[in-house]
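Below, chain A partners chain B and then partners chain C, in two separate complexes.
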Partner chain A sequence: MADLRINLAGIKSPNPFWLASAPPTNSGYQVQRAFEAGWGGAVWKTLGEPILNVSSRFAALHFNGQRVVGFNNIELITDRPLEANLQEMYETKKRFPDRALIASLMVEPKREKWHEIVKRVEAVGVDGLELNFGCPHGMAERGMGSASGQVPELVEKQTYWVKEVATTPVIVKLTPNITDITATAEAAVKGGADAISMINTINSLMGVDLDTWNTIPHVAGKGAHGGYCGPAVKPIALNMVAECARHPRIRVPISGIGGISTWKDAVEFILMGATGVQVCTAVMHHGFRIVEDMIEGLNHYLDEKGIASVMDLVGKCVPNYSDWGNLDLNYKVAARINQDVCIQCNKCYIACEDASHQCIDRLTDDDGKTYLKVREEDCVGCNLCSIVCPVDGAIDMVEISNDLPPMTWNERQAALQAFTNYHLK
Partner chain B sequence: MSLLDVTKNFQEVAKGLNDREALEEANRCLYCYDAPCIQACPTGIDIPTFIKKIATGNIKGSAQTIMLANPVGASCARVCPTEELCEGACVLNNATKPIMIGNLQRYATDWAIRNEAVLFQAGKRNGKTVAVVGGGPAGLSAARELARMGYTVTIFEAEQEAGGLNTYGIVSFRLPQPISLWEVNQVKSLGVEIKTNTKVGKDISADELLQTYDAVVLAAGMGRVPLLGIEGEELDGVYDAIEWIKETKTKPLTNKLLGKKVVVIGAGNTAIDAATCSVRLGAENVKILYRRTKEEMTAYDFEYEFAKQDGVEFRWLTAPKRIIGDENGKVTHIECVRMTLGEPAADGRRRPIPVEGSEFTMRVDAVIKAIGQTRHVDLIEQFQLAHDGGVVKVAHETYQTSNPKVFACGDIVFGKGKGEAMVVAAAQQGKQTAYAIHQFLTGGK
Partner chain C sequence: MSYEQFLEEKTKIDELLQQGYSIERVVENLDGAFLQFVRKARDGKMKTQTLHIQSADARKYFSVRVIQQLNNA
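And now, the complex of A and B:
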């Protein structure tokens, strides 16, 4: 049994699986059910001035018969009185003292508002605070959420105000609706953030009804952009986590959020620099019980790899993530089709023919049997064939050794520049 | 068993896929490029394309893809030996399990039937006329394609309805009559005139057709079940399997067979149909007698399995020798003889030889003959076409007969070891015949 405990900027939890601030953490009843199921922590649904919600709030992207590949919502922060939430938070923490209970907060960008809510929330015994600078709908129109989160100065200033009074660790939750998330991450760090979490949801319109021409979802015939999340956003979130993790001036722990549905997703985020992860959509789809497999799968993975603690995984892949200009131009892989596994659906053939470099041949052997073969010398190693291949093991991307030394674009440009300089002199 | 049960017994056995099942199955299809299932379909239906269209919700387009390649595609979805054709060729046989192509084809065509979809339009009339003798799968297929190319087509159909064996010769619980009649109506909707109850050679002469039309398609299929050539064949209670099945598709079902003992002679698909029909009509015991063994049986494997599940008993290496009746001329017994297999005959099948002294007698109430079909020699000769024992001689691929303006396809050219008498094969021949006529009459312009 590996040690699954994490310590994120001083916030401790028995495992790295937290519930993100969202509908599943709306009440004490829900969070306590989640803790019973095994969740290591929960970020309570954002507290602030209670709001009014609209009806018809969620929608999902289904793909090829698979439901909820992506998900969006136009629900706002908590619609319940602060007192009720605080009372339930107190009871929940009392019943589950070993779990991480974090209060998500969102108030107007005013110093005294932040001071007031921080003090009230910390008084009930939370383990940390998460500042919601990410909600992209509704609250943003009131100058909160992502409206704050898109302006580095506002992120820094509000973080600073919170840190003026906070006694527990402060996590700043960032919006992905920005060109470069490291700009706001850095601003949070400058403001004194103890940790950052990402990503909040992405601006989205889920769809249009082909019969009624209404947006999906619609509220009495009108739609507004929602926040997109779920499995489909994972690559976007993973990149943002990794970009922050490798940034030299962002030296705070990261809580990874975005499309995490399984222990495998969690491991990827942790390897890319997250100290723990937050989950929402998978729970909205399947309920709290999924955490059992997440814990067990992570445990087995760590045991198989001989790793004692999940904390030993944190950031292990960050050094592998860089800029394109640092990639070796002389590295080469090529596709190889394993004839004994190939079922000859010809999907690789047509993908290569129509969309890549036309280097797969359809051939017939002496016995009249057809087979597919890659012309390795023409293969650029794009991976497309192996991506569309429906059978595991039918196409391998194999490394082709050559005598060339590694040479990145940056190195090449530097060498060219040196050469030019030398001859100009 | 009540009459109500009998009626239930004749409702289609296989349930169609529901929307969810169809979507899941359609999404499982890999959408292979140059897919082997297409090659394996005698009509060359673009199967990955029709399945993809189901997955995207373009069901009408899916039905069009199917019916374009196969004018009797709704029937074929039900009666094709898919495991030997498309599904047998599915690449997923080597990975997981093949796609249910037949069921998906049925899903799409059922949708078209339910929604009364108009799938095709007649071509601009080119002034040429074609007579089609016989409105079965081959004739309908030829007529449909000719009409799409602008020909004025008249089908001469001896029966009350067109559709041929799909309408009359395949049991309702496998292929309900409305499916076949929908296909007939699809052809009619292109302006094809179907003269029913019109037997060429009797109601209208071959000569008249040859003189009136620019080309003639002879697609009259085959005839009745031939005589066994044994004593007692004329007795009350001896039936022709095709007539037997036809009766269940045209007349109100009765429970007159309740508790009766039935034997069916022969082991082709029609024999199986006659046997399962008998079980479903309430017969107490149904036996199939076949003078050869299971190996030589021409019924599809799935038909054989279906019959066994219906409780049909198979008596291999058993031939009828004599049918015995009572004083009222009603069948009471059948005398059989055991057979053994000798050397292969000219058709490659081992010849059955009676075992001397092995005769035995069984009590029966009905004997159904299903030993093949007779040929329309008279009709062929009225057209003065070269034939080989009732099998019209045609040129490979063009289906042109010895009379250049007469083309023949379907069961009337089937036999003597050529091809397999499948509905889907007849449909393909009909299409090819239409294209050959187009070439013949207009040079393909």
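And now, the complex of A and C:
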């Protein structure tokens, strides 16, 4: 059994799986049941001045029979008074002293407001704070959430105010609704953040009803943008985590969030620089018990790889993530169709013919049977045929060796520049 | 751009290099790359040749040759 314990900026938990601040962490009843199920930590539903929610607040994207590929909400932060939450947090921490209990906070961008809530929350014995600069709807209209999370100066200033009084580690939760998340991540670090977490939800409109012409969801015939999350956002979140992890001036631990449903998703985030992960949509879809599979899967994976501790995985793939200009232009892969596996559905042929490089030939063998064959020399190795192929193993993308040395775009441009200078001399 | 076009362009580049030409100038624009080759003839006069390289793979290929030429300079 591998060691699954993590230490994120001083916050310790028995495994890297935390509940994200969201409906599953709304109350002591829920968080305690989550801890019974095995969750290593929980970020409580964001605390602040209790809000008023609308009814009809969630919607989901189902795709081709798969439910909840994406999830959308227009819910705000907690609608319960601070004292009620604090009492339940105190009891939860007392019952589960080994789990990480984090308070998510959101108040107006005023120094005294931050000081007040930090002091009251820390008094009940939380292990850390998470500043919610990410909620994209409702709160943003009031200058909170992503409205302040999109302005680096406000992120830095508010983080600084919190750090003036905080005695526990401070995690800054970032909004993905920004062109370059490293700008706000860096601002958080400048403000003194001990860690950052990402992503919160992405601005979204889930759909429009074709009969009523109402938005989905709608509130008495009106809609407003919500926040998008769930499996569909994972690639966006993973890139943002990786971009922060490889940034030279963002040297704080990262808590990875966004579309994580399985231990495999979690491992990807950890390899790309996250010290632990947080989960919301998958729990809303399947309940707390998914953590059992996550713990078991991660354990097996680490044992199989001979890795003693999950902390040894953190960031292992970050050096593999670079800029496009550092990729080798002379590396080549090509598609190869395995005739004994192919079911002749023609999907790859159509894809290559209509949308790629027209290099799959439809041929006839000596017995008059048709088959498909890739002209490897014309194949650009785009992967499209293997992406659309419905049969596992029918198409392999194989490396094609050539005599050319590795050459990146950056090296090429530098060489051409040097060459021009040399000949101008 | 087909493999044949790449081969054709690569062959032309290789032929000139084998004949003792070296790449002198590279101009890249919307129409691809224009390579100017030079060679000193026996009579001491400079001879030049220009190739218009269009295929992506041949544009990668001549870049490798430019880098090699720089490294050997």
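Methods note: the second predicted complex is superposed on the first by the 425 of 425 C-alpha atoms of A that agree within 3 Å, B and C clash if a C-alpha of one lies under 4 Å from a C-alpha of the other, contacts with A are read in each partner's own complex, and residues count from 1 in each chain.
In this text, a residue touches a chain if its C-beta (ideal position, glycine included) is under 8 Å from a C-beta of that chain, and two chains touch if they have at least 3 such contacts.
A quick note: this is a predicted structure, and the numbers were derived from the prediction, not measured.
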Touching partner for A:Asp378 - first (chain B), second (chain C), both, neither: second
A:Ala37 touches, of chain B and chain C: first, second, both or neither? neither
Which of chain B and chain C A:His423 touches, first, second, both or neither: second
Partner chain in contact with A:Ala224 - chain B first, chain C second, else both or neither: neither
Chain B versus chain C as contact partner of A:Asn64, first or second or both or neither: first
Partner chain in contact with A:Ala415 - chain B first, chain C second, else both or neither: second
Residue contacts on chain A - larger count, chain B or chain C: C
Touched partner set for A:Lys347, first chain B, second chain C, both or neither: first
Parts of chain C lying in touch with chain A, wherever the complex brings them together: 2-3, 23-26, 28, 60-61, 63-64, 66-67, 69-70, 73
Residues of chain B that touch chain A when the two form their complex: 23-24, 26-27, 30-36, 55, 91-92, 94-95
Chain A residues within the chain B interface of the complex: 64-65, 343-347, 349-350, 362, 390-391
Contact set on chain A toward chain C in their complex: 329-330, 375, 377-378, 404-405, 407, 411-412, 415-416, 418-420, 422-423
